[in-house]
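Submitted below is the structure of interest, expressed as structure tokens.
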Amino acid sequence: MSKTVELARHLEKLHINNMYKNDFYWTWDKTDEELDAIFTVADALRDLRERNKSTRVFDSGLGISIFRDNSTRTRFSFASACNLLGLEVQDLDEKKSQIAHGETVRETANMVSFMADVIGIRDDMFIGEGHKYQKTFMDALDEGYSDGVLEQRPTLVNLQCDVDHPTQCMADLLHIIHHFGGVENLKGKKVAMTWAYSPSYGKPLSVPQGVIGLFTRMGMDVVLAHPEGYEVMPEVEKIAAENAAKNGGSFTKTNSMEEAFADADIVYPKSWAPFAAMEERTKLYQAGDKEGIDALEQRLLAQNAQHKDWTCSEEMMSKTKNGKALYLHCLPADITGVSCEKGEVDSSVFDRYMVPLYKEASYKPYIIAAMIFLSQVKDPAKALMEMDAGDEHRKNH
Amino acid sequence: MSKTVELARHLEKLHINNMYKNDFYWTWDKTDEELDAIFTVADALRDLRERNKSTRVFDSGLGISIFRDNSTRTRFSFASACNLLGLEVQDLDEKKSQIAHGETVRETANMVSFMADVIGIRDDMFIGEGHKYQKTFMDALDEGYSDGVLEQRPTLVNLQCDVDHPTQCMADLLHIIHHFGGVENLKGKKVAMTWAYSPSYGKPLSVPQGVIGLFTRMGMDVVLAHPEGYEVMPEVEKIAAENAAKNGGSFTKTNSMEEAFADADIVYPKSWAPFAAMEERTKLYQAGDKEGIDALEQRLLAQNAQHKDWTCSEEMMSKTKNGKALYLHCLPADITGVSCEKGEVDSSVFDRYMVPLYKEASYKPYIIAAMIFLSQVKDPAKALMEMDAGDEHRKNH
Amino acid sequence: MSKTVELARHLEKLHINNMYKNDFYWTWDKTDEELDAIFTVADALRDLRERNKSTRVFDSGLGISIFRDNSTRTRFSFASACNLLGLEVQDLDEKKSQIAHGETVRETANMVSFMADVIGIRDDMFIGEGHKYQKTFMDALDEGYSDGVLEQRPTLVNLQCDVDHPTQCMADLLHIIHHFGGVENLKGKKVAMTWAYSPSYGKPLSVPQGVIGLFTRMGMDVVLAHPEGYEVMPEVEKIAAENAAKNGGSFTKTNSMEEAFADADIVYPKSWAPFAAMEERTKLYQAGDKEGIDALEQRLLAQNAQHKDWTCSEEMMSKTKNGKALYLHCLPADITGVSCEKGEVDSSVFDRYMVPLYKEASYKPYIIAAMIFLSQVKDPAKALMEMDAGDEHRKNH
């Protein structure tokens, strides 16, 4: 029995009827079985691809991407995932588009979706805005579909919003699952999700939030560490605490990086901006207050600079479990002496973990493909079995 | 019998041999039966897609798009149409291209067409230039093909020029046909194609021209209304008058929006620039006269501002047939109080017609696909029947 | 027997096992039989396409393009080639990408290659840098593949570096082969690869270098002509001399355009920058010395201007074999009186050779497709025969 058939049989047992024709905003919207289904399909698609089986679901169709911020990894992951399933990516480049001043999201959403099967949106710049944009967009498609404007209602993959970064965090988690030899081995593992110093300013909070909102579901001991003033969204902390209570792990907070790293199995040191400051920035942008924005930036850079000791140094790594915690990062990292004078991580640490870091990233295309697959294929287990049994090759000759 | 088979049988009766391997510049180049064929194929492709039938014509092949002006709707419509038929879009982004100063259109045309099946060009900015560019481009491909440079001679879809906007106006018309329950119900309907105030300047004339050149073929009473000084191209007015004479409707002009709206079944209020001013602008651009261009812009904005009362208000709508004329717009519209202080249409009117407006837009991908289909498929009726009977699905699993 | 079968049978006899899963950097890395294989497959793919046979190798898969310089011809050629074989192009636009300051090529290379089958890179701007970038990129993929990060190791097509422009020069050569009725007819033909004046500055050396490195393998008499100071890379001159010695032709240098053109069968007059100046420019860029760069530019423009007599005039053409040498250019050319006051070629000469020039360019998509085919298809002769015998059409209906 092939790995894919084994995975398909596991999939058959999961209660995932709600996934079909549904969107993916946040991991905490999804049941444990739904997340399991995504990991299962991701692994199956990878197995099929490795064995040169075709995994095309679509003969034609479009995946619409909207990147309201620069992106390489997520852009290529989305393109790869769409291509693997037979969709062509059409990017809505707002600079080349005739989106009128004051044009509603509702109008744009419908205009780009006439033949779209999937929408991928990255909008992570402004607290309180990113998710709202995605929700408004997809609500407009609900209306468009029920009004008969659209023949199909495309499904959303959240490619990063202000609240969660589910394709990243699920790729991170699938990497950990494989690294530790199975999801059952994660129970009791200590994860340090910690802030780290970067000379740049205003990095999104969606990764730390996504990590504490997801990893706490695995029975792990998740520690969120940051200097005072670098709080994340309280709503997400609440979710993390509830998850931990329900799943037999823990969720704790500390203002000490050392404490978080102590005896950790996994560390995820990464810069982000303080939640409150990001709220302030959103308001300044809405008011068009450029002076205010500049002043805020200066204040935040100065605030950051007080915490240069928050860095994933060799010394810090030595405090982890046997000095060998698995180091995670969503990339690109700010590497001390490479990309900046002083950054998130020592270059010797980064270099030692380069291969696992790249593997971590390699799961993202499959996570996205699995999200699309489960929202678009009515009987996913059957489809995987057919692909496994079929004669269609990805590469002929 | 499926709708597609019914449509294919209708198609069989039409005399459309000239469409194969031919370009689409202007609707008035085409016979009534040729336009009928486009509507028929558009409806059939939509029916096939709704029933999950594959409509791929091409296993590989390129649709080249050239947008010399920003575009969302037309860009996505062209991409959708190409994808539906199996073509991949390759956009000639003149900014990223190494098009030499003084490089001839003939050279560019051949260089991008070696494996192209379809060319879509939008060039609507300068009166006297847009169509000329398209014609020069396609003439070059004629030469390239007859000289043995190209293995195939791609066909053109005019995605908007300075004279006509056929994909837009045919989508508008197909919308009306369905709205009124068939082309036979259009006879005698009154259409008001009217100018409307917008705070922006220099909008193309191709929509009003396309509308009067096309709608007058349906036996409708077409009224073109605009303030004095906002004349469209006289050649197109002549075509409209001839069409009306031949097809039993009428084509009249007025400088009163009220008169046009009175008892109208359909209204299409939209801003455009005066033809003479656009000719002047073209000359100023050719001379590189920036001061002249700025002065012209100021003059035109001031001229526009004298006609703020030309707006599709609730009051104006109340003058139409039972106060319920069908409101058309190519989108995006300048909506009073939404996208501008004072614009083409009241927000309450626009909101009431939002669903029909989006439906209107939804026909464009199918109109473009039908144009491509009829220029690329030798026996289109047979092809539709085969697609209808076939087992190939657009979406498998 | 079809032309394709004939070509496939020829292919069977060639020793080309090393091409599978291998990169294409420079023509002089490849054996004569390997180059023969590329020409053979290019001709076969063209024959199959002309006969409407499908040549898809891939059901899904990505061709990643990286253009570090503007490009139309090569961009469209790469897109066409990928499409012909079933790959979708995903362009790494460094402007839209989140490539961190200091991010290593190793990281970028892996991040964009998770599902890539082919990489096409153009990096011709800086002497000593272009090839290095490609090599570093592909070495990173070797590591990524052996480390288990990548499921497949994509292969490279060099779309132009600082040393060679193999897709251009092989397209040029295939054009000549067909023009003269077969590779056997090239022996003893005189080729003048000459510098020509252009008002622009700093054009790459990869074309003249590629030409002397490749054409000298055909038993031709290759003359490299340029004003003093416009030397190309000595390493490549050495290769050209060795090729000539081995293949029974000659490689000579002169500072006289007349001498090169005298009795030439083929002329390739084209501007390029002096090698030493380009080395200097690279250093100035690395030092961020803007004033130095500007000063260098002024010096080079002044130096160029001393050689306006180096132009492919009618008079110069009259000195060639019967006044009818085949004129080559990679396009776009600087045409006197068309794209500039004084340039590389008289407009009457250029116009007379327009059709052959466009044909020359038309080979590039097929050369690229052949390079991809031979690096990705294990048994290329068998694959061509199957494509020839198969029922799969490029265009159905």
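Note that the chains take the letters A, B and C in the order they are written out, and that residue 1 is the start of every chain.
Rule of thumb we're sticking to: a contact is a pair of C-beta atoms (placed from the backbone, for glycine too) under 8 Å apart; a residue touches a chain by one contact, two chains touch by 3 or more.
Only a predicted model underlies this, so the values are computations on that prediction, with no experimental measurement involved.
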{"item": "Angle (degrees, nearest 5) of the CA superposition of chain B onto chain C", "value": "120"}
{"item": "Interface sides of chain A and chain B: same vs different residues, half threshold", "value": "different"}
{"item": "CA centroid of chain A to CA centroid of chain B, Å", "value": "41"}
{"item": "Residue list for chain A, restricted to those that touch at least two other chains", "value": "56, 88"}
{"item": "Residue ranges of chain A touching chain B (in the complex, touch as defined)", "value": "56-62, 88, 90, 92, 96-104, 106-108, 110-112, 114-115, 117, 144, 147-151, 376-380, 382-383, 386"}
{"item": "Touching residues (chain side chain B, partner chain A) in the complex", "value": "46, 49-50, 54-56, 67, 69-73, 75-77, 79-80, 83-86, 88-89, 331-335, 338-340, 354-355, 358-359, 361-362, 364-365, 392-397"}
